[in-house]
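Chain lettering (A, B and C) follows the sequence in which the chains are written, and residue indices restart at 1 in each chain.
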Amino acid sequence: MSLQVEKLNVILGREAILHDVDLSVGSGEFISLLGPSGCGKTTLLKSIAGLLEPSSGHIYIQSELVDLVVPEKRGAVIVFQDLRLFPHMTVEKNIGFAMEIQKIPKDICRQVVGELLEEVNLAGYEKKKVREMSGGQLQRVALARALAARPRVLLLDEPFSGLDETLRQKMGELVRQLHHKHHLTTILVTHDKQEALRLSDRIAVMAGGRIRQYDHARMVFSADGTGFTCFPKQLEEVQNESAKKDHI
Amino acid sequence: MRKDRWRLRTGILLMFVMVILMPAATLIIWVFTERWSWPDLWPQTFSLRAVREITGRKGQLISLLGSSIFISVVVAFLSVGIGVMTARALVFYEFRGKRFFHFVSMLPFLVPATVFAMGIQVSFIKVGLNNSVMGVVIAHLIYSLPYAVRLLLEGTRAVGQTLEEQARVLGASSGKAFLKISFPLLVPVMLTGFSMAYVVSFSQYFLTLLIGGGKIKTFAIVMVPYLQSGNRNIASVYGGLFLGVTLIVFGVTERLAGKYSKKAGGEYYG
Amino acid sequence: MREKLVPYGLLLPQIIVTVIFLAGLITGITQSLGVIPALGLTEPTLKYYREVLSDTGILISIGYSLRIAVISSFMAAVIGVFLCALMVTGKKTGGGYMRAVQLPIIVPHVVVALFAVNLLSQNGIMARVGYWLGRLQDQQEFPLIIYDSFGWGVILAYLWKEIPFIIYFIISLMANINEKLGEAATNLGAGRWTVFFKVTLPLCKNNILSGSLIIFVFALGAYELPAILGATTPRALPVMAYIQYIHPDMQNRPFAMALNGIIILISLASAFIFFALMEKSSKRLKRRKGE
């Protein structure tokens, strides 16, 4: 088991966001975390990475209990929705950041950066500044940066938002390729059912801070690929609940 | 109609600028004035006497410059250093007494330095800080720090914590994340805080007068007697030097801030 | 557990500075109540306050100081906000104008005193212009602007510095609001000045008040300008306090402190208003961010 989340409860401020979340991801598996906005997907990712402290529950990464391990030592790398590229650094320095922290010699860093840039189709962009690049390019840089950190678990928080449909699909394929090549245990957070179906081995359906269903992609969807096969009524209820809350 | 309004607006603003610049201009005139008796609108005689008198006492001038600038630079560094830490605590953490700490950090804005100086002198005398540079630095620091904290609260909020979070998951400890990511992005606002804290300290008169006794001399202290005795040209030379040094400090910090802003992508400070 | 202490650790230097500050403040207060162990006075008493407040000369001084502080801070706020509005609505918030605004901020008060003497004294530039315009013959005919008993010279000197301070204090907030929310309001059909009065100004109100309070307290308690530009009677409160303070007869010390105490009382009253305003504006921001 590459990642195991056991009965995780997370409270932010006064609100309970995650309720008894159980999740396990096998080594090299690609799963999607699917659900409406506000259901706790980002909170779950942040908890796995150690940026948020759970009120109860346990997290195991590669069978190691990481509850008390600081974020920088967990090996759970997040690619955030807002990318968070370091504005005062070039592409090269951004990607090489994790390696610099690990004090890896500069020539090896340069080599790895070069290879990764090629993998994401940005060969030659080493010295470019962040503000000179387009959205799609920046996302590829963010991906390369995460890969350079050699994550034990790769967490992608809706990384393709803001991209048009074609670019979205291309990026999805790229992620799938990279996942395959580097044998990365990957969790992709998305609200796009098609994307989840297309890219992942298993899908975890999340709503109201709980995992409602976790199964192989084809089992989660009905034959025509539209609705959910199991617990559709519950999902609807939760969606109505959150709609009511927004109205207030 | 629009053009008239534009003219009116520009007219008012230009008048405002004139009101600001004119007194400074008279200062420059007085520096070189030997005799300017009533009722002429222009001095009768110019000379460099006042300038020479002051530059003639080279040793005195250099030690005056030295002590004034040294004190204010130290105060400015301390203000920014403490300000960064205080701002970080107040922006990123929730804890008991947070509002109280925020309030007291701003309190010197609301208690005049005269009141504080007369209140603290006795204690400073007791611990030997009176008539000392360190005592003056501490007193100045109390009144410069709130300016730095105010500016850094804004800057820290603007930089935020999101980039540090990213650095953490990529393997950086919280210290490294701050140093490599947030700190470079805070440099422009730190420089602004530096210049503000510097100016407030450099301008202090009463605090230096009381806590420094007669021993610690700064530009402000030296200038006032000449002003009160009517020696306008000498007072103006000191005033001019005062302004000159301050403008240089401001100019330098601004250039540096501009350079760093560019490096950081110019996003945060627009 | 250790994580909970981090913010306090970060605040340690600030706490040290604050403690020293409060020490000065509290000593001032206790001494004003007559508690000066060094002089053998250990009984707190209000007699120094009573004596000070029943002295007409001192009451006139209080009036003088308050007058200067109130008028200068009020005018600075009004004129400052007005000029700031001109700059913001005219999109002239950068470059030359801001540089001009910054100049008075970096000029120390003692140099401002020098300016005031150069311009406003009876043989100053203004008087000479008056002569050349044929309005007066003799120096003495020029009205006493500085060294007068109302305090106009001091007020004008404060205004030269405080108007730019107010502008500097609020311009970035004002420009920000005017641009973002202003855009939305204009989109909904509001004209430039309507946007300013109905959207921008109310949202800047707290900051304007805070800025005004800062300069009010400063004008109330500062020494330099009234000492150099003020009349010999009435004297400003801080000047009187200082004269009592350096009096060789130590028995005068509590009187000096009582005068300071009056300044503190007025200042602390302003501090509470300040705190309440800060609460209001931070509450409003919290609501907007939906925290």
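We adopt the following convention: contacts are C-beta pairs under 8 Å (C-beta built on N, C-alpha and C of every residue); 3 or more make two chains touch, one makes a residue touch a chain.
Computed from a predicted structure; not experimentally measured.
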* To do: Going by C-alpha centroids, which chain is farthest from chain A? Tell me that one.
  => C
* Asked: Which one chain sits nearest the middle, judging by mean Cα positions?
  -> B
* **CA centroid of chain B to CA centroid of chain C, Å** => 17
* Structure fact -> Rounded to the nearest Å, the gap separating the Cα centres of chain A and chain B is 47
* Structure fact -> Here the gap between chain A and chain C, centre to centre from mean Cα coordinates and rounded to Å, is 53
* **Residues of chain C engaged with two or more neighbouring chains** => none
* To do: Among the residues of chain B, pick out those that touch two or more other chains and give their numbers.
  => none
* Asked: Any idea which chain A residues touch chain B in the complex?
  -> 49-51, 70-74, 76-78, 80, 82, 84, 86-88, 97-98, 101-102, 129-131, 145-146, 149
* To do: Show which residues of chain B lie in contact with chain A when the two form their complex.
  => 162-163, 165-174, 176-177, 180-181, 184-185, 263-267
* For chain C, which residues count as touching chain B in their complex? -> 4, 6-8, 10-15, 17-18, 20-29, 31, 38, 83, 86-87, 90, 92, 96-97, 100-119, 123, 125, 127-129, 131-132, 139, 160, 164, 213-214, 217-218, 220-224, 228, 238, 241-242, 245, 256-257, 260, 263-264, 267-268, 270-271, 274-275, 278-279
* Asked: What residues on chain B touch chain C, complex-wise?
  -> 6, 9-10, 12-13, 16-17, 19-24, 26-27, 30, 38-41, 81-82, 85-86, 88-89, 93, 95, 98-99, 101-120, 122-123, 138, 141-142, 145, 149, 199, 202-206, 219-220, 223-224, 227-228, 232, 235-236, 239, 242-243, 246-247, 250
